[in-house]
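Two complexes come next, and they have one chain in common, chain A, joined by chain B in the first and chain C in the second.
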Partner chain A sequence: MATNTQHFQKTSFLSFSRIGVIASHTFTQLVRMKVFYFLVVFVILLWAAKQIILPNQTGGDGSPEQELRLLKSTGFAAMNMFSMLLALSATALLIPKDIEDRTIYTILCKPVPRLDYLLGKLLGVLVLIFVSLVAMDLVLSFFLHQKASGMIALQTEQLVARGTPQEVINEQLAGLKAHGLTINIHFATIAIFLKAIVIASIALLISTFSSSTLFTLILTLIIIVIGLIQADAREYATMMAQFGEQNKLSNISLGVAIFFPDLQFLSIEDGVIDGRNVPMSIMLQISMVAILYFAIYVVLSWFAFRKKEF
Partner chain B sequence: MVILAVLGVTGWLKMPYEQKLSEELHALKLVPPRLSLKDRSKLKQKAFIATYGSLRPTIAAFMSVRTTRYHSDQEWDKIENSFDEIVLLDPYNYYYWETASWHMALNAAVDQQEDKSLSEVGKDQVFKKYIKKGKDIIDRAIEINPGDWRYLNLKARLESNRYRNPDYTAAVETYRELLAIPNLADHIVRSTKLSIQHCMQHLPEWHQKSYDHALELFEKGQRYRVPTVQNEILIGQNHPLNEISHRLSLSEIYGSDKEAYTDLKIKWQRRKLGQKPYGVEYSIQELENRLKIPQATRVFPHRPLFLK
Partner chain C sequence: MSESSKMKSESKPAFAVEIRNLVKTYRSSFKRETFRAVDDVSLSIAAGEVYGLIGPNGSGKSTTMKALLGLVAPTSGICNVFGCDARRVDARSEIGFLPENPYFYKHQTAAETLKFYGKLCGIRGKELKNRVDELLDLVSLNHARNRRLNGYSKGMLQRVGLAQALIQNPKLLVLDEPTAGVDPIGSREIRDLIFRLKEDGVTIFLCSHLLEQVQEVCDRVGIIFEGQMVNEGTLEELTSIESQHELVIENADDSLLESITELVKQHSSSGAKLVSSGKPRSSLEKLFIETANSRIKNSKENK
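Here is the complex of A and B:
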């Protein structure tokens, strides 16, 4: 008895091996739900997007770039949708499902701190999203590389045949290459993953005090929508504060800016679709903010969950 | 309560940092531009989708494909409304701005001009109205995409389109604005300067400026010695009101008599376009004599003195 108590007392607050075990169990549990079937849909979707040939209406040189943009846009939209749905639904289901299956009792009656349990569950979901996003990134990169290299070869041939100066050829191809496979594609995937991390943490926080899964889903979805326009509210509140003015709308905007996360800054894939470069400093900054959100929501989830009785 | 308090305090602390980061991202055009309330109401339910990253270009692309149907049905109002939404969804995409202005200023303008139900004055008014719509679209594009030479080039091209109510003075101004953009590629600078030359030649009162500009380009070297510049030097040298610093011979301007003859023949054929071709007729005659061009192929054959 004394040894047991001693052992219990020695239980560390945060154990990575414990978290790892819970995370791998959650990952396996989710994989068994056949979520990876989505990848088949993703491949079909991208293959279809790759086949689209946009009409060159003005006779300009913009069409090849448009086709690459469409391919990237379809890919990122699907990645966004999948990661958001998974982060939202899987996380919202985590605790209720464990309660329903009664696995939560067998876990929490052991010397497993509740923070470890929450982190393990959340990481399981995040690993699943990460693996899926890596797979989707590879598929997108493959299709994009295939389409872009084909277009570059064709354009070079046509421009050389037309006797276009090398300088012009280089510039036109640079435009195409910027829309092809670059490191920025992977940066955009990372940003989508960061967005999923924040969404999953919000869903986890809500699920710790919510009484139903549906409520968690709806409330998280509302927060996501507000989070996507939070930047507008913050800007309005900041502008009004600069002018020294205050009204009902500016107060509401300030409230939104303070209490809700900004999800817009994680939408850098729009810039990547436009063929822009993402500086490393920006990647570091957005990663830092996303991790900060993750830390805040996890700590708050633990706070709400630590004394919850089942 | 504790949760709300923590969210409030951290939210308050992160706000200035987030604002700074957001401004940086907007400056780099990495995130979608902000939509005004007016734009949101214009986009209706699409505004919600537009807030979610990466869906905007997809919707814009499919809307753009749909406009091809409106184009074949000549439904210009529908095209205008569609592109109004498309450019809101994907405002950094040159292709949509170009297509929108092309539809208005080129297709719709001509189509309306052929409307038999309108009077001649009415046709002209509608023609000009659609050209203005095309120009307005490009002006909006320039406002949203400052520093992008392609939009200024598009605007100047429309302003100098001789079939679209041209305003060559405005076109020269726009091309000069384009040249002020830093770090332009060499070939863009070259083609813009040549376009300025082309526009100047359509402004008879700019005879001196046009000649000086041509001379300046000519002195830049072989890459600028194209017929537009060479012909302007010859015409400028022969313009009665121009002040000439130093007169160049035909072979100095064109490289050789043979090349001068080829270029001047074309210029003579197109003499009704642009400025009055001072000195061209005389130069061709001189070259035909010097090169001993057979009478049958001459532009200005000798007329027989006596008819048998």
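Here is the complex of A and C:
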């Protein structure tokens, strides 16, 4: 066919400014849904966890690390729950709602490539999760620092009163400091965010071909559960194989590993709760894996969405 | 920047819209049955023309529009906008679309909504601000510009829809039931706006169930039924009865009317006959608008 087109503004395949417009709009949309109220609940929860004094601590002879562990595990559990819920529900809801309300017509009828629309929506959700996690990280850091420094001061006072040498005091406090506010807390927050990125991109992929929000939510939830337990299944299958028992489970777990994300691999919070250090190499590894999952799911979403009819 | 670069022009297209042998078939969930929503529809709209597509529900009007907007892919056939394939994103830089009963993001105000759509079209800064002000004035929503859309009436939402469709100064405006749910005054304002846009050279493609309105604003009309274009032409071609003539006389007394009736009888041998006579009626819409306007004027005077 002859291309006797008149002057048309060429629309670039990918425009960061357009993606930014959609992302900031999605962010505002979610903020106005009052999702940040969760932060108030988070502050109350951590404040309550900070007040808890375990029975074996009252005499001051037990392991004070337990209380810090409790504070950290409460904080990370709440952060995980919030980011997972938001990544799942917000992403699963946004596109089907736009289709249902027909707002998608008015957007896609502007010079907006579908990839820009998808990325904008996804980034809007991710920015919201990021901002929330940063806020929660600050709250956790504040409470943890307060509790740990209080404990360190008390322990130092008790040990000095007993006439303990400085080297012994330093040695005893090192364990407590490792459970206090360290860079590992922030690394764990980053890992939670990486998990949220993967979950949100799975929800995005499913919402591009699903016709109902409920179906998207349920299917994404199933994938999350598979993602959280698949490492255990794989380990079990490997162990069975070592004993020469090649059963169906080995094959299934191998298949699952190919098609579903390993969310357990991205979880480093347990180690941080136990006061262990997170090497930079692990952070790099999990970041690469999360980005790879993100890229795969976004490309698949785009393939499903680019020819979708409304 | 590549976005602002212009595509090379080869020649000026003859039509703003060109749809040739458009077929759109849908398959059922399990692909057992097929349904032909649009069946070999062809139409063309010249630049600056107002074209109305009418037909009953489910006749294929919206599908034809969606194909033109790239929201559905034709099974076969061609849809061009100013010579550019409608499936290309580029084509949409010249199209403004108002869907039937548009819903917008309720958390936004009218001004925010227009800014959002303007930014999607690459408009920024002072240009965007001026354009938003201009459009809010045009659709008479300046008084409610900072109110969230969840407090808007259906008619107000329709006007926001129209403003967003016009945000990038499109050369083609596609309106799907532009006056659905709008009161007669709002409906008339939209009609007047269509006339104004036509004067500015904007091509308008509209679907409506309100035939009287289509008749008022459209240069040409297409009638679509069960996915097929069954009739198309100018209003004069479609609606005039070639064998009849209408005279409207002001201040005629009874004797003049009797004389005219007598004259027609004298020519009865040539087949001429008086079919009907009487006083022309004002439309109910006109009566409603006159009453409403006079009430508004009175209440303003009383204040």
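The rule is simple: the second predicted complex is superposed on the first by the 281 of 310 C-alpha atoms of A that agree within 3 Å, B and C clash if a C-alpha of one lies under 4 Å from a C-alpha of the other, contacts with A are read in each partner's own complex, and residues count from 1 in each chain.
Note that in this section contacts are C-beta pairs under 8 Å (C-beta built on N, C-alpha and C of every residue); 3 or more make two chains touch, one makes a residue touch a chain.
Since the model is a prediction, treat every value here as computed from it, not as a measurement.
Peer 1: Which partner, chain B or chain C, is in contact with more residues of chain A?
Peer 2: So, of the two partners, B touches more residues of chain A.
Peer 1: Figure out whether A:89 sits in contact with chain B (first) or chain C (second), or with both, or with neither.
Peer 2: neither
Peer 1: Look at A:171 in the shared chain and tell me whether it touches chain B only, chain C only, both, or neither; answer first, second, both or neither.
Peer 2: A:171: touches chain B, not chain C.
Peer 1: Just chain B (first), just chain C (second), both, or neither: which does A:21 touch?
Peer 2: After superposition on chain A, A:21 lies in contact with chain C alone.
Peer 1: Would you check which partner chain A:189 touches, where first means chain B only, second means chain C only, and both and neither mean what they say?
Peer 2: neither
Peer 1: Check whether A:29 is in contact with chain B, with chain C, with both or with neither, and answer first, second, both or neither.
Peer 2: After superposing on A, A:29 lies in contact with chain C but is clear of chain B.
Peer 1: Touching A:12, do we find chain B (first), chain C (second), both, or neither?
Peer 2: It touches chain C, and chain B stays clear.
Peer 1: Which partner chains sit in contact with A:307 here, chain B, chain C, both or neither? Use first/second/both/neither.
Peer 2: second
Peer 1: What is the contact status of A:107 with respect to chain B (first) and chain C (second): first, second, both, or neither?
Peer 2: Only chain C; A:107 stays clear of chain B.
Peer 1: Would you please give the residues of chain A that touch chain B in one complex and also touch chain C in the other complex?
Peer 2: none
Peer 1: With touch defined as at the start, can you tell me which chain C residues reach chain A in the complex?
Peer 2: Residues 2-7, 9-13, 66, 69-73, 78, 82-85, 89-97, 99, 101-105, 107-108, 116-117, 119-122, 161, 164-165, 168, 174 of chain C touch chain A in their complex.
Peer 1: In the complex, go through chain A and note every residue touching chain C.
Peer 2: 1-12, 15, 17-18, 21-22, 25, 28-29, 32-33, 101-103, 105-113, 307, 309-310
Peer 1: Going by the contact rule at the top, pick out the chain A residues touching chain B in the complex.
Peer 2: 54-55, 57-58, 60, 62-63, 65-66, 69-70, 72-74, 76-77, 79-80, 165, 167-168, 171, 205, 225, 228-229, 231-232, 234-235, 238, 257-260, 262, 264-274, 276, 278-279, 282, 285-286, 289, 292, 296, 299-300, 303-304
Peer 1: Which of the residues in chain B end up touching chain A in this complex?
Peer 2: Residues of chain B touching chain A: 2-4, 6-8, 10-12, 14-15, 17-19, 21-22, 24-25, 28-32, 34-35, 48, 51-58, 61, 64-65, 68, 71, 92-95, 98-99, 102, 185-187.
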